Each structure stands twice: as structure tokens, then as C-alpha cells.
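Chain IDs A, B, C and D follow the sequence of writing; residue 1 opens each chain.
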Amino acid sequence: MTTPPEVVAPPEGERSPVIEMRDISITFGAVRALDRVSLRLFPGEVHALMGENGAGKSTLIKALTGVYTIDAGEVIVEGEPHEFHSPAASQEAGISTVYQEVNLVPNLTVAENMMLGREPRRFGAISVRDMNRRARRTLLHLGVDIDPRSTLDEHPIAIQQLVAIARAVDVEAKVLILDEPTSSLDADEVEKLFTVMRRLRDEGVAIVFVSHFLDQIYEIADRMTILRNGKLVEERMVAQTTQLELVRSMIGRELETLDRLDCEAPKTDAETGVPVLKAIGLGRKNSLEATDLELFEGEVVGIAGLLGSGRTELARLLFGADTADTGELTFRSERRKLRSPRHAIDRKVAFSSEDRKAEGVVGDLTVADNMLLALQASRGWLRPIPQAMRTQLVDDYIAALDIRPADPHALMRNLSGGNQQKVLLARWLITQPEILILDEPTRGIDIGAKAQIQAKVAELAAQGLSVVFISAELEEVLRLSDRLVVMRDRRKIDERVNADVSVRDVLEIIAGEAHPEPQAEPQSEGATHV
Amino acid sequence: ADGSASEDDGTITMGFAQVGAESGWRTANTKSIQETAEAEGVDLKFTDAQGKQENQIQAIRSYIQQKVDVIAFSPVVETGFDAVLQEAKAAGIPVILTDRAVDVDDPSLYETFLGSDFVLEGERAGDWLVENAADSDVNGDGTVNVVQLEGTTGAAPAIDRAEGFAEKIAADDTIEVTASQTGDFTRDGGKQVMESFLQSDDTIDVVFAHNDDMGLGAIEAIEAAGLTPGEDIKIITIDAVKDGMTALAEGKINYIVECNPLLGPQLMDLAKKVLAGEEVPERVVTEEGAFDQEQAKAALPDRQY
Amino acid sequence: MSESSSRAARLLRHPLLWPVLALVVLLLVNVVVNPNFLNVRMQDGHLYGNVIDIMRNSAPVMLVALGMTLVIATRGIDLSVGAIAAIAAAVACTRIIGAGDEAALTTAVMAMTYAVVVCVALGAWNGFLVSVLGIQPIIATLILMVAGRGISMAITDGQITTVNNPFFSDLASGFVLTLPLAFLIAIAVLAFTAVLTRRTALGMLIESVGINPEASRLAGVRSRTIIWTVYAFSGFCAGLAGLVIAANTNSVNANSLGLWIELDAILAVVIGGTSLAGGRFSLMGTFIGALFIATLARTIPNIGIPSDLNYLFKAVVVIAVCLVQSPKARASLRVRRTGPPTSGPAPTPAPAPAPAKAGISS
Amino acid sequence: MSTATVNPGSASTWDRVRSFTPPPRYYPILATLALFIGLFGLGGMRYEGFSDPQVLLSLLIDNAFLIVLGVGMTFVILTGGIDLSVGSVVALSTMIAAKTLQMGWSPYASITAVLLTGTVLGLLMGLLIHYFDIQPFIATLAGLFLARGLTYLISVESISISDDTFTQLAFKTVYIGEYYIRWTAIIALATVAIAAFVLARTRFGRTVYAIGGSESSAMLMGLRVAFTKVGVYVISGFCAALAGLLFSLYILSGNSLHAIGMELDAIAAVVIGGTLLTGGRGYVVGSLLGVMVLGIIKTLISFDGTLSSYWIRIITGLLLLAFVVVQRFATRRRS
């Protein structure tokens, strides 16, 4: 974990920065999101922007690219003071950006999403053939093998994220900004993204990279700027910073809870008890082949698999978010067909979706309303939650999950991505479920909070909560789960008690199944070409 | 226009494109035509244009396609029927206009026009007021202050009635229209506008409403203001539908100019004449009268609509 | 000192500030033209004056707009309210006429109850089309908008039906505690709606469904029931409005009763600050909006706008109100007044992009 | 599509035709088309003279203006907006044409004046909507009042058009065998074709869809949101003016009461044609079909001719209901 790859010394002194942001401040109402923050970007470097959730990373990026108007401070582009007034203007100046939430249009095709605004034309008309061909080529570079003519919303969030990246790297840019591009990607995709990033860096592109995965930072970044609470902490060379120093800079104190989980993961005897949830032959046309699953009280079942392996689909079927075509579900001893999420919620099942923007956040409501939504929905509209109880619950969870700003009346859409994720987690914990299905719950969550959430899950499991845990980060799945389900090509291929399974084992299980089927995921085949 | 089809099987097929069903007057008109057609064995094809000229033109065009013997319609507006009338002429189908005229360059495009003269109606209302000017100056200030409740802005009856009325009252310079506002031919509209007039002006002597409904609305507003309609404020309206006649007989309205909707018999008569190849006059004015309170009491029992 | 300035700042940011201001300005225009405009006197034991008329005349639009507010909050729209109002009036009037004792209190009550029940059913029908069949609201309610007129004409046989029932008439022309009964009914429905949505969780759930339907579904919100309820409620409100309109003239004209009232109601909702894209709604705003529209209707004859200029006047007023309400328009005005922004206070950031997909507008 | 390659020899054209399934995004349009044909067949069985191809051509002639309105409205609705002003702009256009011709302007000057007015009105509304953040419904409602008000300002009474160029254009028919069509219909179809091309094959068109999908994303993707959003209202204004010209050719007069509520017909046609009011999905060809469906419902009723005023409304509503419900079920299977 602490093996920083050798990095070329920064080209400081020799070359001047392509972009320099000096003493930038931005205020939203009473919130000072950025307070005299500076950033220097040199050509041919990967520059990591580090900080906790809500530190101001995304805001800094949006300030640079003209989404927000800067209150004070100046931006210097290639030696000249210059401020962008719209994303279009920054794009024209050679800044290509992937913003944090997938900002594509769901109703158009993948190819169109990639090429919008710069479609290849023939005789003045867009050439759909050329467009699709070019999109496909770019996608294949990233290891994504999908039909560019399919509409974007047919694809899971991870693919959408890759499409957004493909759109950004397809242009000739001087600066490439990637705000948490890897939050829902698997190791393979990340590796492919890094290959592309390295190539671009070598060509002289300046890259801004945001990620909460420290390993990724150490693998790819040369220099970094660390923010805390909207203020600049320092700028450092990655190679000269240990992880401990970095974390301390980011959160302002030592981090204790990081590696303490495996030791106290509770064990349950799955063999004797009655499962709280049992699925037999659960399946759905075109998305999941018949799958069996058992979940016991107090148990954490991790689901491992690569992108598109069907983990999300399984979770959705367990929750009734989609209706299953085949199979049956048994809750304790009650057999039940789930026709809508309500049925599952009535059986004390909770589900946090991987797509928080489309399926979680209710942006124009307050943090408090968002937190209490599921509980209120299950109580029915005639029984509002009493005021005292509201305040109590909301304040408790804001404190427990360290949500910032700690203001129950803040609008949800104004929260940073990671804090939104915490609110959504709180939404479900408040309902006191017996079964908790978490699909990528730590997506976009900073390192401190991730440990907090993992600890919380472990703690709840110890109290008897059953958890289904899905994450693109295999280590995390392994660390938390008592039992491991491995999926591939939309079906379950293996199941292990997680006492002695390692990441390598899981990868072998997945690879071992990889008969040379024509449909095999291209990602898993090209995994070694770095 | 030889009416060959009618000779084949003996029955006449008539396509009738009505304006709509926007008022009690209009439904009475429709009813009269439908009932007469049935009584006289005319096969009536009926459509209701819902107040839209384009619907009416489409209906007429479909009558041409269905090869009816004669087409009759009450134009939504006076202009713009040239093209479709030429198609009808080319197809040899005679056209009769009812209720409202059309404004075409070539008078041979239609056989005859049966209906009221809106300007004349306004003139009659004006005449009565001039004759009764002395009586109508209710508050005795030497001027007769009239407020006018107009019909739908831009509608032919509203324009013509206002014009006829204005022309006649010009003869007497004690009569003055002090306020005029559209009430859209509805009771609710008439009431709301009248309420406002009453609030801002307490010298109103006379209300002239372009139809009975607005007059009836005005009555409600006047009563709500604590005044007695027909005495404290005189009311003149046009149409003479049953509710209006009742109010007239009760003394709440002072004078109503009739606008007769019962065009059915005259229309069927004209249609038969046209198909038989007889000469018909270019303009047939419907027989209509006007009522004061005494005449209304006499006429009310026979009023059907 | 600082406390009073912060209170002023809070007032300046209050969402109802601009609608109220627009209403006040409109009233002022009337007073300038007619100094007696705001005068109110006692007559026959009740208050009488322009203001009282405005209250009474605002009742139908207010009622319809209250229902419309909730529908709009769920990202819907209800075009059928005018037709439903006409049906309510037609049902009530024909029932009153058909009853044994046309002038009795029970006749009026029975007829009105019957009419309102029919309207709730019609609203529920709209809700069924929208929530169960998933038809787009505008087209689902367009069906009843077209057919409903026909139904109400069929009920009255196309005739203007006049009724003589003093109790029915009181619905629009009666006074309680010197105030118009119709207005008090609208206020009562407003209060009822406010309690229904804000004292229960209904309001929050409606907003949640309107802002992000999919997230709400996954959170277990019964959006189907909510949408159904909201349309039924809109039918209820439209029915009441129809009764008030009919009572106002003691008659029903199936063809013109409530014609285009949906546009007025939507305008009232929007002037009140509720976005047509769904989500957060303001009942008080709708209340002000409806008063504004009734005042506007009174302004036209009061200041003597000729009939053929009515529309131009309305256009100017609507544009002015919208501009006053638009923060962007105000900001650009301010910039022009105070010169270039460099010297002034820190400019506000560009609005953050809405997280969810923008609906009709954002 | 990916099937049927086991035996290349037998994979005849017929097989490919048989196994062809259109992409789901075309389902609403195909359903509309199928239902339209169904309605036409129903009329043909019930009413004599209905199955005449001329009935179809007459539908095009009688609805030419509505088709053009629908085209403009499609652009606006695809961005997630709405334009309520189009009916009034049609009335204003007929009035400007009639008045200017009456004043002795050349027909070309008159046509230019009409198109310019509509375009400028559209531009104004677009600017209000985009730069002042006024909801489209309200901005265009103000536009509705404004255009109608201007119409009254020009003249309260209706004015006939007797200009030679106009009348010739209005009456000129093109014969296809024994059937005829008028120039207005051809202009309308040409508008549809141009609009379909613009939407499918230009950056402007694709941006329209992108804005409808997510305006904030489109903005972050650096697309020309302002230009496009204002642009669709300009297009709608232009189309409304063009529709107004077609309407004045249709009725050869200017009148302040024309086209009241026509915006609802246009919106209904667009939505029936499968376009989502929330934006981002739909095609102009669908709107053309939507207009034809509304038209054929009217034609069915006038061929029947036995319905009273209120049954006409009820039956229209019922047919509309049957149509949207069937269409809904036909397209539902995809999800």
C-alpha cells in the first residue's frame, strides 16, 4: 500500500503553468465553499485534487470551467488573466471536463452523447455512420464494448461514467479534468483509464484528477493540491508524501478506524438458523439468470463481480425495484412476490441505489426531508413524524455520519456528492430495516467517511441486521462480508464463506469461469495489457 | 343547381354546418332546424364547428365529398369562405346561408341568405331609447347615461349591434354611452362587468346589452347593489329568449329586440325551392319583432325557447 | 439594529414578497384612476365595494387553482377543470329543477353534494389515466376537457338552465359575517388544503414525487395513490368552483361556464411562485395569485380599457409580473443601475444546475 | 437483427424482413400510424365515400396550417418547453396579411411582414424564457395575450383577402391522377421534411434533444444551450407565422377571432404523435401523424352527420381516449 511509484520531478521552473488559479473564493449564501484557494496546473502532469467530502473540490473545478462565477481571485490561463463564463467557453479554450455526477443526456444514444457539439459532418449534415464508428473506436480504447447506437439510459451508471470519460478524452485538449471518474469503476476499467491518462500526459496534457481512492492517487498522480473545509492546505509532490501524512492533511487529524474491521466482523452460523431472506431461481429476462441466495440474520453477504456482471440487477430484484420474471422470494417463512419496492419495505428491506442522482436524491427537498422520506412513506401520509422525533432523528444521523454542512434545512442538491450519499444511507438506517441492500454505498465517499460507514455496517450487522453489500472496490467487499457471492455474465458463479478469500482468489474465480464464450466481457480479457 | 340527386330517391340530403352551441339562442336554432328536417323528411347531415371556421370549412368539404344535395351553414365569420364555396359550386351543390352573411366577391357562390340583420337590431334598440329618452333619465340629471355590455370582441353581432345602436342614439345628444366593455355574451361576464360599472359610476341610467344573457347578468349585479332593475336602471337587450322574456314580463327589463332563432321552416322551404329550380330572393330577412313589457306578458305563454 | 436589518433581509427573500407587491401595485393603479376604488360601505347588512367584489369573484379561480397547485406539484397539469366545473353546475342545476321543491334547502344541499361527488369521481378518472395507465397528464385531462363539455351539454340538453333556489344562490351571492360566502368557502378550502398537506406528510410526499418520481418510488412512496388523490382533489375543487359560478348567475350555460378557467388557474399558481416543473408548491402564493387575477379582471372595466385592448393590457401585466418575479431580471436591472459589478457587492453565483432532469422548465 | 446467420444461403431478404424489429424508440410513431390506418379503415367500412384517397388528401389540405404549427411546437416541446402563443400568432398573421394587402402592399412584402412578425415574437418569448428564467408556459401565455391584442389593435372587424397572388395560391391545385392537392399542403409537407432533417442531422437539432434530456447536462457538456433554447421559440414563432399564412390562404381573410384555442390542437397533435411533454423524445413525423389523427376523428364525425352538438364532443373525447389508451399499451411492452 505504501509503495509510491517513481515520479518524474515536476517541471517547475522550466515550464510555466497552463492554468493558475489564485486566491479563489466562492460563497453560496452563508456557506463559504472556497476561501482563497490556489491551484497550479503544469502541462504533462497528473494533478490530484484531494480533500474530504465537501472540501470544495468540485466547486473549484466548476469555478475554473465557468459553471460558477468567481467572487474573488483570478484565473490565469497561459500567462493571461482570463475567466470563463460558461462551460462552453472553457471547452473552446481546450479544457475538457468530466463533472462529478454523470452529466450526459439519457435520451440520446451513446455515440451522440460522446459527439454532441462536434459531430462529424458530411455535406453539412451529421454523418451518423462516421459518428458511430468514431464513438466505437474511442470506447474500445477504454475497453468498453457496447453498441454506440444504444441509448444511454439502457446502461448502468458505470458504463455511463465511462462514456462521459470517453467524451472528454476524445477531444484535443490542453487540460483534462476528471472529477471522481473512478467512483463506480472496477480495477480493470480504472487501469484502462490510467493507460489513456498516461498517454495523454506524455503528450503534454495537464490532467486534474479527483478520487477518494488513495491507491489510485499514488499510482497515477504526480503532484497534488489538498483542500480542507474550502481552504487550501498545501501543494505537495505525491512521491514525497506518505499516506499517513496525506490523510492527516486532508482530515486534519489522525485516522484511527482504517484497518480495524476484519478483526471484529461478527460470525453467524449460517448452517443452523432460518434465513431472513431466501431467493430461489430469481431471474429476469435480459438482465439476470436464475439465481439462488440466502441471507441470515446478522450476516453481511458481499457480492463481487466485474462491471455489468449483474450485481445491481440482483439487488434490484431483491428489493422489488424491478419485478422478477422467475423465481420466488421467502422472507423468514413467508413467500412473497415483490411487485414494487413497497412490498419489500413492508418486509423491512432497505435498498440504497448506486445511481444516487437519478434514484436517490430528491434535490429540491431539505436534508431532513430526504432523510425521513422512506420512514414517512412507510408510515403513510396520515401519520406525520412528530416534530420532536424528526429533530431527534435528523440531528442524530447528521452527527453519526458527520454530514456537512450539519444543517437539516439545507437543500439536498447543494450538498457535495459524498454528503448526499451519507444522507441517503441515513434515509434507510432510520427505517430500522432487518435487511439492508447497499449498492455501491461508498461511491464517492471520502476515506474517513468510508471507514465510518464500514464500521457502521459492521456494527449494525453485529446487532442482527442482515446486509447485502455491493461495491466495485473488491477489498472493501472482502473486508466487510461474512460470505461472498461471485457473479459473472449476469449469473452467480460461486459462493464462499469469506474467511480466507483474497482479492486474487476472487479474480481467479471470475477468470476461471471465463470460457472463451463470444459474449465474454472484453474488460476481463484485456486486463493484463498495461 | 339542378337537384338531380333528390329526384333519384325523392329525399333531400342536406348538409348543415352549425357554428357551435355557444348560447341558448344557438341551441334553439339547431333544434328548430333538426326538428323541421325530421318533420319534412329531409335527410340532415349535421356538424357543429365548435366556433371554429376551419372546422366548418372541413365539414362543408366533407359534405361535398359525400355529394349531398344542398349545403346550408351559419358562417362562423363573414369572410374566408370563397374557396370552399367555389368547390361546392364546381360540384354543383347549391348553398344556403343562414343567420349570418358571408362576404364574397362572387354572389353566385350561394343561392340565398336567410337571417337577421344585426345592424337593424341595434338600430331598433337605439330607436326605442331615443323615443323613451325622457323616461330613461332615471336620476333626472338631464343626461341619459348608457353603459353598454358588448358581445365577444370581434364577433359580427357585437360589431353590428353596437354600430346600429350608436347610429340611432346620435340623434339625441342627451344620450351618451359612458362606458362599454365586453361581457362575452355570457351572464357571468355581464354580471362582473356590470358590478364594476356600478362601483365606479352611480349615474347610470340605462344598460344596453348585446344579448339577453348579459342583460340577465346585469340584473343580478344591479339587485346586489341594492337597486331595482327596470326602474332605477333601465335595461335594453336583444334576442328575446325565454328567460329574457320572463324578466321583461316581470319588469326587470324594459325592452327586448327579437332575434329569431327558429329558422328551420324557412330554411327547408328555401332548400326545396332551390332544388326545384325556382327563383329565390338573394336575401330573406327573418320575421322578427320587438317587445316591451306589456307585449312580453302577452307573448310569454307561447314562447318555446 | 442588526436584528432589524436581518429581518428586512429575510423579508426581501420571502417568496411571497413579489406576488404581494404585484397585487399592491395593481390595486394602486386602480386607486390612482378611481380614488374611491378601495371604498367599502355597509349595505343590506353586509359589506359592499370593489374589494368585496374582488374577493367574491376570485373564489372560483382560487378554488380551481388550489387543486391545480397540488396537481402541478406532482409534475402534472389538469386541463379538464373548466369542463368539470361545467358538469358540476349542470348536475346541480338539473337536480334542483328536477326536485319536488325547487326552493328548499335540502334540495340545494342534495344537489350540490351530488354534483361534488360526481366531480370527485371525474377527478379520480383523470388520476386513473395518469397514474395507472401512465398517460401524459396534459393529454389525459384533455380528453375530459373535450368530452366534459359535451357531457355537461347533454345533461342540460344544451339549454341555459335557470334555477330558483335562494340557498343555492347564496353560495355565490350570500354573505356571512358581512363577507361574501363564496370567498369564505375558498378560504375554508385553502385552510383545509393547507392542513391536509402541511399538517400531514402529504405535502412533502407530493413534492418528493414531483421532484424525483423514481427516487420516491424506491423510497417506498405510494406515488400512484398520491397522484390519484391529487387529481381527485382537483376534481373536487373544480366542482365547487363550478357550483359557485353557476350560483353567481343562478344558471348554467354548459358551453361557456368555466371556459379557459384552467389558464387563469395555472396563471394564478405560477404567479404564486409554484414551478410548473413540479416539486415545491406554495398555497399562500396561489391564494395571492388568484386574488391578483380577480383584481386584474376588475381593473379592466375600472380603468376603462376598451374591449379591444383587453388582451394587450393583460399581456403587459403578465410580462411585468413575471419580470418582477424573476431573480435574473431583477439582477440585470440592478447591475444596470449600479454600474459594472466590479465595484458592487460580490455577485451571486450562477444557479447550480438542477440535479434531476429538468421538466417543463427549470 | 443478430439472429439468422446460421445458414447464410437461406437468409433471404424475406427472412431479414421477417426478423426485422424496429428500434423501440420508433414504437410510438408506428403505433400512431397503425391506429391511424385502423381509424381510416373503420371509416371506410362505415361510411360511403370515406375510403376515397381524396379524403386523405383533403385531410392534408384542411390541416396544412396545423401541420406547420405542429412542426414548430415539436421543436419547443422537445426541449421540454411549450408554446401557447401559436394560435394567437396565427390570428395575428392572418390579420397582418389581410390588412397590409388591403392597404395595397405587394403580396411579397406582406408575406415578409407576417413571417418577420412571428419570428420576432418568438424571439422575444425565447429571450424572456432563457435570459429571465420565466417559465415557458407563462411567457408564451403572455405571448398569446400580446398577439391577440395586436390583432384587435389592427382591426376588430374581419377583413377579406382579395389579392390575386393570394387567391391564385389558395386555389391552385396539383392533380395527381384524378385526385388533387393544394399548394398549402405541399408547403406543409416540405416543412415537415426540412424540420425532420434539421432535428436528425444538424447540431442544432441534436442539441434540441439534448436540452430536453437534461438542460443542465447540456450546459455542462458545453453545448449552445442559450442559442438553441431561444432558437426553438424563434422557429415556433416562424412556423406559427407560416401556419398563419397558410391559414389566410385557407380562409382568405383576416379575423381577430381566428384560431382561438388552436395551440391546444397543436399540442395535442404533437403529444399524440408520441412526443413526450417532458422533452427529449419524439419526432416531427409523429406530429404530422398526430394532426392526421385529430383530423380523421373530425372527418369521421362529419361523415356520420347524425350526432348532436354534445355527442360530437363526447365522441371526440372517447375516440381520443381509445386512441391514447391503445397507443399506450402498444408502446408499453418495451419497458
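Observations on the structure shown:
Here is the rule we use: contacts are C-beta pairs under 8 Å (C-beta built on N, C-alpha and C of every residue); 3 or more make two chains touch, one makes a residue touch a chain.
Quick caveat, the model's predicted, so the values are computed rather than measured.
Looking at which of B-C and C-D shares more C-beta pairs in contact, the answer is the pair C-D. Each chain gets a centre from the mean of its Cα atoms; the one farthest from the centre of chain D is A. Between chain B and chain C, the centres computed from C-alpha atoms are 34 Å apart. Chain A and chain B have centres, each the mean of its CA atoms, that are 72 Å apart.
Per-chain Cα centroids separate chain C from chain D by 30 Å. Distance between chain centres (mean CA atoms), chain A to chain C: 44 Å.
Of all residues in chain C, those touching 2 or more other chains are 153, 158, 308, 310, 353-355, 357, listed in ascending order. For chain B, the set of residues touching two or more other chains reads 20-21, 27, 30, 153-154. Across the assembly, chain D contributes 152, 156, 213-214, 216-217, 219-220, 308-310, 312-313 as residues in contact with two or more other chains. Every pair of chains meeting the touch criterion is listed here: A-C, A-D, B-C, B-D, C-D.
Across the complex, chain D meets chain C through its residues 80-82, 128-129, 131-139, 141-146, 148-150, 152-153, 156, 213-217, 219-220, 264, 267-268, 271-272, 276-279, 308-318, 320-321, 324-325, 328, 332. Within the complex, the chain C residues that touch chain A are 199-202, 204-205, 207-208, 211-212, 214-222, 226, 279-280, 346-350, 352-357.
Contact residues of chain D toward chain B in the complex are 47-49, 52, 54-55, 58, 62, 65, 152, 156-162, 167, 170-171, 247, 250-258, 260-261, 295, 298-299, 301-303, 305-310, 312-313. Per the touch definition, chain A reaches chain C in the complex via residues 26-28, 67-69, 71-72, 101, 103, 106, 319, 321, 340-342, 345, 351, 353, 357-365, 369, 373-374, 376-385, 412-414, 427.
Partner chain D is touched in their complex by these residues of chain B: 15, 18, 20-21, 27, 30, 34, 44-48, 50-55, 57-59, 61-63, 65-67, 76-83, 86, 103, 105, 152-156, 159.
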